[in-house]
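What follows is a set of structures to go through.
In what follows, subunit A forms one complex with subunit B and a second complex with subunit C.
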Partner chain A sequence: MSPTEILLLLMVVPFVAAMISFLALRGGEATRKFAIGCHSLSMVLIMILSLTVAGSVFIDGPIQALDNWLYIDGLSALFLSVLGVVSFLTGMYSIGYIGHEYKHGELSGTKVALYYGLFNLFIATMLLAVSSNNVIMMWVAIEATTICSVFLVGLYGQRSSLEAAWKYIIICSVGLAFGLFGSILTYSNAAAVFADPANAIFWTDIHQNAKALDPTLVHISFIFVLIGFGTKVGLFPMHAWLPDAHSEAPSPVSALLSAGLLNCALLVILRYYIITVKAIGPDFPETLMLVFGFMSVAVSAFFIITQHDIKRKLAYHSVENMGLITLAIALGPIGVIAGLMHVINHSLAKTLMFCGAGNILLKYGTRDITVVKGILKVAPMTGILVAIGALALGGVPPFSMFVSEFLMVTAAISEDMPFFTLALLSLLAIVLGGLAHMVACCVMGDKPDEIEKGELSFMTIAPMVVIVGLIVIMGTFIPNQVLHGIDRAALVLLDSDEPTVINILNLPGIVQPTEMLATKPTLAQK
Partner chain B sequence: MTGDILINSLSGLLIITSVMLIGSRKAKSSAMLYSVQSFVLVLTFLAIAKSVDAEQLYHWSITAFITKVIALPALFYYAFSKMSDPKADKPVIHFGWIIPIAGVITMASFMAVESVQLPLVEHLKPALAVSLGHFFLGLLCIVSQRNILKQLFGYCLMENGSSLSLALLANKAPGLVEVGITTDAVFAVLFMVILARQIYFKLNTLDVNQLTSLKG
Partner chain C sequence: MLETIALLTIISPFIGAILTVLVPKEAAKWVCQLFAGIASFGAIALAVTFLSGPEPSVTYSLLSIGQIEIFGLMVDKVSTLITVAVVVLGFLVSIYSLGYMTEGNREHPHTGQPRYYAFLLVFIGAMAGLVLSSTILGQLFFFEVTGACSWSLIGYYQSPKSLKSALKALLVTHVASIGLFIAAAYLFKETGTFAVTAIAGLDDSTKTIVFLGVLFAAWGKSAQLPLHVWLPDAMSAPTPVSAYLHAASMVKVGVYIFARAIMSGGEIPEIVGVIGVVGATITLIYGFVMYLPQKDLKRLLAYSTITQLSYIFLALSLSIFGSQMALDGAITYIFNHAFAKSLFFLVAGALSYSVGTRMLPQLKGIIKTSPLLAVGFCVAALAITGVPPFSGFFSKFPLFAAGFELSATHSWLMPIMILALIESVASFGWILYWFGKSVVGEPSDVVAKAKPIPTSMKFVLVILIIMSLCSSFIAANWLV
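Right, the complex of A and B next:
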């Protein structure tokens, strides 16, 4: 199969799995089990196919499909591979988590089938958002992610979950209306100056002819895009939906929202960022990215230390990390590499922690850190994994987030921003303090008498163990294939014609991506 | 030139209908005012189509008439018939304040588009400013209402602003673009109404001030 055919298959798989689950809504136990089997197969295929497509793009270059409507370059390939891995991990964890909820009567059979249907549909829309080359379809796909995931957020149908779902759909839809206006302005601007207006809808064509765009409209459209899609990314001050939605959704959905959805919306902003830099220069977009990113980090850091709800703490941590990535992009080539590396590292660590928070919730029936005590004694494996996850999220070595956060600080120093660096380090220290406090409160301490000892199930632990392995590998010896992928993505983001950019890091003991390319046969050669 | 004057005048009428919609107390009247506003938008589409001889815009006008003038107002009217919360109908911001705020928004939008150099909108800058202003009017609608169903009109106003800017700046774009945007927006509103229904029957309120259990 060619990479283009694999990409098309990737789009179809979750959609088919979703339809099967929806058909099982009125079916019996056997039909539901069949739907869950299809869901598992879908998750495995999504991971394999997305990694195959991404690998092919990293080696052979960008691919297009459906008359240029779909386009995968190095940047979207990186996001696609992260989405594929996160979908697989959260999809597998869902089987354990939702199975437990069904067994204990928290969810009916119909809601279980609905869950798997919406979960797959949600992934399908995110895949479309990442792969889209049509700027209007990008918006349609991101808006569709809201529509598909809102009923996942409100799945339990309780007062708090309905409230969270309402805030989610209204804030994101309004935010995305701004994004739509930004998209339309960009498209209209291109259509007005292009010789062939029919191509003005494609990001690749707008990018190629960015210098011909009207500068005023480029300024206005970037502001609208940053506010609009920034709402979905969770950037301050548009983040209000995020803590509510992340805390009230079932934990696998919280993980997918944080590690999947936020990245997809960020990718759209990065697409417009590339166009804007080419059209009007880097000063204006970089300043906006830096301001929104830093404000997100600063505000969320203080919310992290004051929160008593584990999942809300993690949600604010997502705001902080999306802010970190956003500001890193504005810190030159090292910052771009750091930001892209952080996309991978944050997604993995956050998936681990939301799965851990899910296990805690199932075990204790609460997310309040003043109530949850002695996880290490109640469920030792979960306790160890949660402790690792929290320290990893805090940026402690040898876990992967240390590497990317260290690179961000290096980038800030290399850009000659000493006060900014000090402020950033102080905020990172506050965040680490907040997470360490959570570990001290929840993982340590005596076992409450009323809580039964023992782990939940294999499927609630296994995905977490896999993630711990991945974040240790990414923190100690980053595979060359991953570095090469980051390099390809950074080149797209920097709009550079150089063969590589990652060599500026001068990392010890690795094969430079250019050398790897020279020694490795391409798919075409094979 | 006559075409440009007509387009700019109709755009001005859009601002007036938007302000009336935001200030309307009765929920069902709001649905009808939204229909009127959308009808003015369709007329603007037709004026632009005639002015620049854009065949696609005639098709958009038909789509917009079906979805925005008939379907969405009917959906709202039906929703307001089934769900009612008189306490939530009292607005947060008095109508007396809505008018000057809308004036400030319109002026600011005019200033923002002043430096746009595209020949296509050389004589249509008032209409372009109206399309930009609709975003902030939509936002004003959301923050000024307590009724969660009436807040949805804010989103619809924003969507109308987007459609107007698309018609002004890319009036020869493939019809699929407009259809895609409108369909997605209609689905978004439909799902919001379904969620509002769940909230109404579970919590027995449409008042956004009652949805405050999640804080911090």
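Right, the complex of A and C next:
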């Protein structure tokens, strides 16, 4: 099969799985089992297919499908592969988590089928958002992710979860209205100058002819896009929906929201960022990204230490990390590498932690760190994994977030911003403190009497073990393929025709970049 | 060959740590002994192989992207010497833990959990990695790993107080690591590599920034003012952990990275030396003043560690003014102090084990009930305060000799050296005072009821008593 066909298949798979689950809504036990089977198959396929597509894009270059409506280049391939892996992990974890809820009567059979249907539909919309080339369809896809996920957030039907879902849909819709305005502004800007206005809707064409765009309109539309899609990314001060939605959703959905959805919205911003940089130069968009990113980090760092709810802590942590990625992108070539690496690392570590928080919730029935004590004694595996996850999120080596955070520091210093770096590192220290305190409170300590000892089930632990393996690998010996992928993605983001990012780094000590090329063609080569 | 042995020394404890968690609970401590033993064997083999080889120093690049060196190994006289100290002491501490972490312990009746041994092993591996690392990034990596390990080991007993101290240690040392982050980033920006040896090629202003960054990180790990706050509180850790982390390894991370930077730094701006000397002097005086109110033997030892580390910082800072003798003295000091202070901590631990308390006023007449502990106490006290023929003397002497020699050209050093000399004598007096009160004389009630200590602990104490006598000779022969 050609990569284009695989891409189309990838789009169809979760959609079909979702339809089967919806058909099983009225069916009995057997049909529901069948739906769960389809869900598992769909998750496995999504991971394999997305990695295949991404791999072929990294090696052979961008692909297009459906008359240019779908487009995967290095950048979206990176996001696609992260989404594929995260979907698989959370999808597998869902089987354990939702199975437990069904067994204990928290969710009815209908709700279970509904869950799997929405879950797959949610992934389908995210895949569409990542691979869309049509600027309006990007907006449509992001809006569609809101609609699918809002029902997942309110799945339990309790007062608090309904409130969170309501807040989520209102804030995001309003925010995305700004995004729509920015998108339309870009489109009309392009349509006015293009010889063939029909092409003005495609990102690839706008990008190619970015220099012809009206600079004032580009300024305005970037602001609108950053605020609009920034709402969905969870950048401060548009983040208000995020802690509620993430904490009230079922844990696998929280993981998918944090590790999947936020990245998709970020990708849209990056798409516009590339156009804006090409049209009006880097100063303006970089400043905006830096300001919004830094504010998100600064504000959420303090929220992380004050929250008592584990999942709210993690949600604020997502705000912080999205801020980090946003500001890293604005820090030159090293920063771009750091930011993209952080997309991968944050997604993995956050999935791990939300799964851990899910296990805690199932075991203790609460997410309050003043109540949850002694996980290590109640469920040792979960305890260890949660402790590892918290340290990993705090940026402690040998886990992967250390690497990307270190690169961010290097990038900031390379851009001659020592005080900014100091401020950033101090904030990161605060975050580490908050997370370590959470572990000290929850994982350590004595076991409460009323909690039964024992792990939940294999399917709630196995995905977490896999992730720990992945973050250790990403923190020590990063595989060449991944480095190569990051290299490709960074080249797209930096809008460069060089064969590898190393050539743009302007490192002293490397005298002849071209000479090096002969022997070491890519970043991936060691 | 050297490369393989060095890698074995670093990686085997990590493998051991994973196995420790996986094997049945009863077997965990034996797995720990095995892998700590393998690592010690590796460390000694590395030292011997290196010494019999021709080169003065060997560097291996293990991980690099393009021409950017990410991680590598540096095997030279200093790194092999310190590797032996940190790894072998780790092994000795794990043997000691066999006896200490049991239900028979009077102060903390508690069987060591697998995670205790696992983190001990990770710590040994991380220390070996840090010492042998040839890049600042590698140092930073292991610097943070030791921080995380110390967090879990200090909070090991899980009491609210110990968890609080653990968090404090983690955060203070993490804040300190910011210095290393900045240093690594500046080095990379200017030279395009992380190799420590590249520091020599920097211009003066960047070099000052890099050195101050390293010095700040070093102050944090080696508990110097104003980043010392974590160390006295960290005494709520199990005593073998205190012996290892707070005497032999973790606190030595700071002075070691500073020493490593100085050795690779070429001509170093004098301002770094001035700041180092001033910081060391202030901490020296503060540490001594804090001796006086201490009643808990371990807290007294913690402050003693702080002042001893100030001496090492003083020696290192003096070497920036161009004194090779001060540098050699500092390295010897790191080596000697590791053994002597571990001995002191382990004596304190043995007292907790057999007597059930480590409060100095309650300890009287140890010599009557436990001669070994009394000898250990005596040797450790004399070695720490620098009485010949014990090891401390041979590291303090070159420091003072170098200091007074330098005061010929840097007259402001004279009062500082005199101050340090006074401190040295006064701390000798203070420790002798407690020695007289607690070791000799008629046993107090609690001491009279002391229970015998297990063989494993005795064995370790004897080895350390011997090492407190000979370690300086080993170091002196090594560094020539």
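The rule we apply is simple: the second predicted complex is superposed on the first by the 501 of 526 C-alpha atoms of A that agree within 3 Å, B and C clash if a C-alpha of one lies under 4 Å from a C-alpha of the other, contacts with A are read in each partner's own complex, and residues count from 1 in each chain.
Quick note on the criterion: a contact is a pair of C-beta atoms (placed from the backbone, for glycine too) under 8 Å apart; a residue touches a chain by one contact, two chains touch by 3 or more.
Note that the coordinates shown come from a computational prediction; the quantities given were computed from them, not determined experimentally.
In the superposed pair of complexes, A:His342 makes contact with neither subunit B nor subunit C.
Of the two partner chains, subunit B is the only one touched by A:Val174; subunit C is not.
Residue contacts after overlaying the shared chain place A:Lys278 against neither subunit B nor subunit C.
By the touch criterion stated above, A:Lys313 is placed in contact with neither subunit B nor subunit C. In the superposition on chain A, A:Leu483 contacts subunit C only, with no contact to subunit B.
More residues of subunit A lie in touch with B than with the remaining chain of the pair subunit B and subunit C. When both complexes are overlaid on chain A, the residue A:His100 reaches neither subunit B nor subunit C. When both complexes are overlaid on chain A, the residue A:Val396 reaches subunit C alone and has no touch with subunit B. Across the complex, subunit A meets subunit B through its residues 136-137, 139-140, 143-144, 146-147, 150-151, 154, 157, 159-160, 162-167, 169-170, 173-174, 177-178, 180-181, 184-185, 187-189, 191-193, 197-198, 200-201, 214, 216-217, 220, 224, 243-244, 247-248, 303, 306-307, 309, 312. Against subunit C, the residues of subunit A that register as touching in their complex are 384, 387, 391, 396-398, 402, 406, 409-410, 412-414, 418, 421-422, 425-426, 429, 432-433, 436-437, 440, 444-446, 477, 483, 502, 507-510, 516, 520, 523, 525-526. Those residues of subunit C that touch subunit A in the complex are listed here as 21, 63-68, 137, 140-142, 144-145, 147-148, 151-152, 155, 158, 163-164, 166-167, 170-171, 174-175, 178, 181-182, 184-186, 188-193, 198. Residue ranges of subunit B in contact with subunit A, taken from their complex: 112-113, 115-120, 131-132, 135, 138-139, 142, 148, 151-152, 154-155, 158-159, 161-162, 165-166, 168-170, 172-174, 177, 180-181, 184, 187-188, 191-192, 195-196, 198-199, 202-203, 211-214, 216.
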